[in-house]
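Next come two complexes, and both contain subunit A; in the first it sits with subunit B, in the second with subunit C.
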Partner chain A sequence: MKAESPVIEIQNLVRKFGRTDAVNGLSLSVRAGRCYGFFGRNGAGKTTTIKCLLNLLQPTAGSVRVFGTDPARNEVAVKSRVAYVPDYVAFYPWMTVRETLEYLASFREHWNGQTEKELLGQFRLDPLKKVGHLSKGQKTQLALIGAICPEPELLLLDEPTSGLDPIVRREFIQTVIGAYQEAHPGQRTIFVSTHLIAEFEGLIDEFTIIEEGKEALTLESDVARQRYQRIRARFSQSPPALDFPETSWARRDGRELELVVNGNSAQILSRIKSYSPETVSMEALTLEEIFMASFK
Partner chain B sequence: MFIQLNFKSGKPVYLQVVDQIKAAAASGALRVGEALPTIRPLAEQLRINRNTVAKAYTELESQGVIETVAGKGCFLTGNNSPYRMELRQEMLAEEIDAVIVQAHHLQVNKEDLLRLVRQRLELFEEKTKTNTP
Partner chain C sequence: MNTRLAKEARSLFPVWVLTLLLPAAPILIWGKEVIGLAAGLFCLGSAMLGATVFGAELNYRSMDLLLSQPVSRRQIWYEKMLVLEVALFSAFALFMLGLRWYYPELSANPFCTLRPFIPLCAFAATPCLTLVSRNFIGSVVFSLALPMVILLCGEAWLVNVIAPSSGLDEYAFEEAFHPRLLVYYLLGALGVYAGVTYLLGCLRFNTFEAADRPAGETSLSPVPGGAMDCLLRRIWLGPSGSYANLIRKEIRLQLPSLLTALLFSVLWAIALIIKAMRPVDVAQSLAAGGVGGPLLSDPPALLLQLSLLRTELAAALGTGSFCLPGRGSLLRFHDRFVCGSHLTRRLFPRPASQATTAAAGNQACAESVTIVTKSAHADSTDETAGYTTDGTTQARRRLLPRSTTEEWREGRAEGGRSSVYLLLGAL
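Presenting the complex of A and B:
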């Protein structure tokens, strides 16, 4: 793999199930060392896309490349450098935590026992406990430990936190990603699909929003937060009739005006100020709000 | 050192880290020679990506605010900016212009603005004193 070739490259991916287009012309590219968010509602095509990256499904049309190679032709070569945590984790219930990790390690050339020990301790997972007796959250923790100990170059996470306790899940996704990126961060790429975006707010470098199988928006997180701003203004009389092409959403209520703008926020703000509002404020949208706004 | 991120400010996250570390240095909350937190714990504490912390530290290093000692971590340097004095003043002038523009729009006049600047300077001096053993 050349240093500059992306870790994931998807071009015009189409995947049909019968007459339904689960993915319909998706393109995106993920550079090495990034934490890339793949946001979409349930049924938008996230899981189908990830399965195509792993050759668990074959594209109907278009192409996927992982480490610059076709995962269907070089399946073992690709999979040995990837770890995947599906949205629903299944283990053998009769194995203990320790046995499960040993079993997972047996498929891998490399296993970081130090990381394993560290995370088992942090999550207070008892190595002697039967997996069948673990809670859903603990099973996910175990799957995440099993995914990062081989120190793969690409970590594919499909809805890793859905269905879990909201306080716990933020904690542990942070811990796992921190441990994963500890060594050789330039060769640690994360591709995470989720609709619970708030938890990943600070972690995501760049994201794609997928809608009905197509890319709806791709941006760097910092750029997105600079571009999407909410402006609120209150006037002494009814708000002026302003029309901005960058406005993706607007609401007027009595003397108040609320706008969500997509770019040019400084100019729009100064134009609003020129009408002498009583109060005016502007704040960036969070990634989750940008996700919501993209459906309005 | 306490860093408080605000995702609603629209300011790139790494710049928020840069500015707050610089502010901590200016107020004496972080002292010359003192070690900065290492990347992973800070990333975990702030719930951000380690890339973002690394980018902030690289920026601070290029501005001469911190230095990296191999195998030991990052430390706050003395006040030795790599830039010439004129350039430093020019950089500051840009920021001051922005404040002047903002003051105009908020109808804060020259005297009040100068008084406010003096007040803020004194506040930082005060903080530095209380932060110095």
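Presenting the complex of A and C:
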């Protein structure tokens, strides 16, 4: 792989199920060492895209490259550098936690036993417990351990925190994923699809919002926060009728005006100030609010 | 032991045990008379064993986990096939050893050379059918049905093509050529079937997509598509109506089961029509045995009945010569009525000492069939002349003692009742 080539490169990906376009012309690129968010509503095509990256599904059209190679042609080479946590975690119910991890380790050349031990303790998972007796959240924890212990270069997470309780969720995101990436900064890449955008707020470097199989928005998180701003102004009388093309969303409530703007926030702010509001403030939107704003 | 092979072995072990217990149970309960049933159950167990290899992954929804691991699909395939091979052939060896131990005097015939095809077909075809149907039950049903279809085609070929061109009558042909030709045909056809399905399974797995279709259906927007959707759109409440969505989803989810049910229903309908149309005692008894008994596991019986019906209709219309069913046909009825399907009884014939005796409950019926067999066999007797020249139902009835006819009627009634029960069960 060339040094400058992206870890994931998707160009005009199309995947149909019958007459349904699950993914329809999606393009994105993920650089090494990034934590890349992949957001979208239910049925937007997130899982289908991730499955195409792993050759679990074959694209109807377009191309997919992982580490610069086609996962369909170099399946083993690609997957040996990738770990995947599916949206629906399924193991063999008759296996114990220990047996499941041994089974997963049997596929890998490298397996960090120390990390396994630490994570088992951190998640309070009993190695002798049958997988069939684990809760959904515990199965997800087990899948995460199985994904992190081989220390892959690329971690593909499809709704990894669904089913986890808030404490474990926070612990997982901040401790596990953060520590995973910080161990080899610039080399380990995370591609995460999630609805719980707020939980990943501090980790996401760049994101793509997908809607009906198409890319709706791709931005770096910092750029997005600069671009998407919320302006609140309070006037002595009713707010003036303002028309800004950059406004994603506007709300009038009595003497208050609230705007969510997409770019040119400084210009809009100065224009609002020209109407002499009693108070005016501007703040950056969170990624979740940006996600919400992009659908309004 | 390799961890992955151990996992595959552990996955198959409960079904492997079941494969051995299934045939053992009826023999232990009912004794040696049910060897055909035991052999049929072993075939069922073998098919289940073959279907478990990938069926378990589909049932546990662990295919994503398996296919996302850094191992080539070919290696996964070979590992699974290796364990399946050991499981199937060890089960087969134990089953045969058990039979030999329990039946030291087990009879042999040309069909016995086909026995190894039971594990071979389960090994080669069932994984392929599981990957195609994505359904455990569907793959078991079709892996049992497809060899039967091959057998049916072979019988059809022999009865309708080879026999007429041989210049021999049906009985002479049955005795001279039929079993041997059928065995040769099955050796070739099942060999080709096993080879082709194994290769198709391997190719199918190499390109297998871990698409979670039910989940996909529920999460994707309800865009109608396909012939079934078009049909539903026409007959229901619009393409996105709640009832239409519900029905569409259920049909897609249950499609393999619905197709299987349709297949069985058609077979049942054919069988019931045949039964209703048959005017002759012998034929009706055959139909009763076929409908009330293991018709679904004995397609040749169905073909035979169709062939008989055609002959009898031709005789009734006066456009053809009337002839008796062949001896082999009657023996099939005899065997089937006692227990076990036609093929399994040929593969695993009862000990010679018991071959001419029937189960107590079916003694009378079996005897009556034997009488007809003998009369058909004796070319020089008046009875046979009556059959071949007269060709009427009355003539046939005259040949039989009254008591025998009554016993046949009883047998028919029994067959009719069991057919109703089985039809209800099928529904």
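The rule is short, and it goes like this: the second predicted complex is superposed on the first by the 290 of 296 C-alpha atoms of A that agree within 3 Å, B and C clash if a C-alpha of one lies under 4 Å from a C-alpha of the other, contacts with A are read in each partner's own complex, and residues count from 1 in each chain.
Here is the rule we go by: a contact is a pair of C-beta atoms (placed from the backbone, for glycine too) under 8 Å apart; a residue touches a chain by one contact, two chains touch by 3 or more.
What you are looking at is a predicted structure, and each value in this text was computed from that prediction instead of being measured.
Of the two partner chains, subunit C is the only one touched by A:Tyr84; subunit B is not.
Contacts of A:Lys273 after superposition: subunit B is touched, whereas subunit C is not reached. When the two complexes are overlaid on their common chain A, residue A:Lys139 makes contact with neither subunit B nor subunit C. Once chain A of one complex is fitted onto chain A of the other, the partner contacts of A:Arg169 are absent, as it touches neither subunit B nor subunit C. Using the contact criterion defined above for the overlaid structures, shared-chain residue A:Arg65 touches neither subunit B nor subunit C, since it reaches no partner. Once the two complexes are overlaid on the shared chain, A:Phe17 sits against subunit C while remaining clear of subunit B.
Once chain A of one complex is fitted onto chain A of the other, the partner contacts of A:Lys46 are absent, as it touches neither subunit B nor subunit C.
Here subunit B touches subunit A in the complex through residues 5, 7-14, 40, 43-44, 46-52, 54, 105, going by the rule given at the top. For subunit A in complex with subunit B, the residues that touch the partner chain are 33-35, 170, 174-175, 177-178, 181-182, 185, 201-205, 221-222, 225-226, 229, 265, 273, 282-287. Interface residues of subunit A, counted against subunit C in their complex, comprise 17-20, 22, 42-43, 51, 54-58, 75-76, 79-80, 82, 84, 86, 88, 90-95, 99, 102-108, 212. Residues 2-4, 7, 10-11, 56, 60-62, 64-65, 67-73, 207, 209-213, 215-216, 219-221, 223-226 of subunit C are the ones touching subunit A in the complex.
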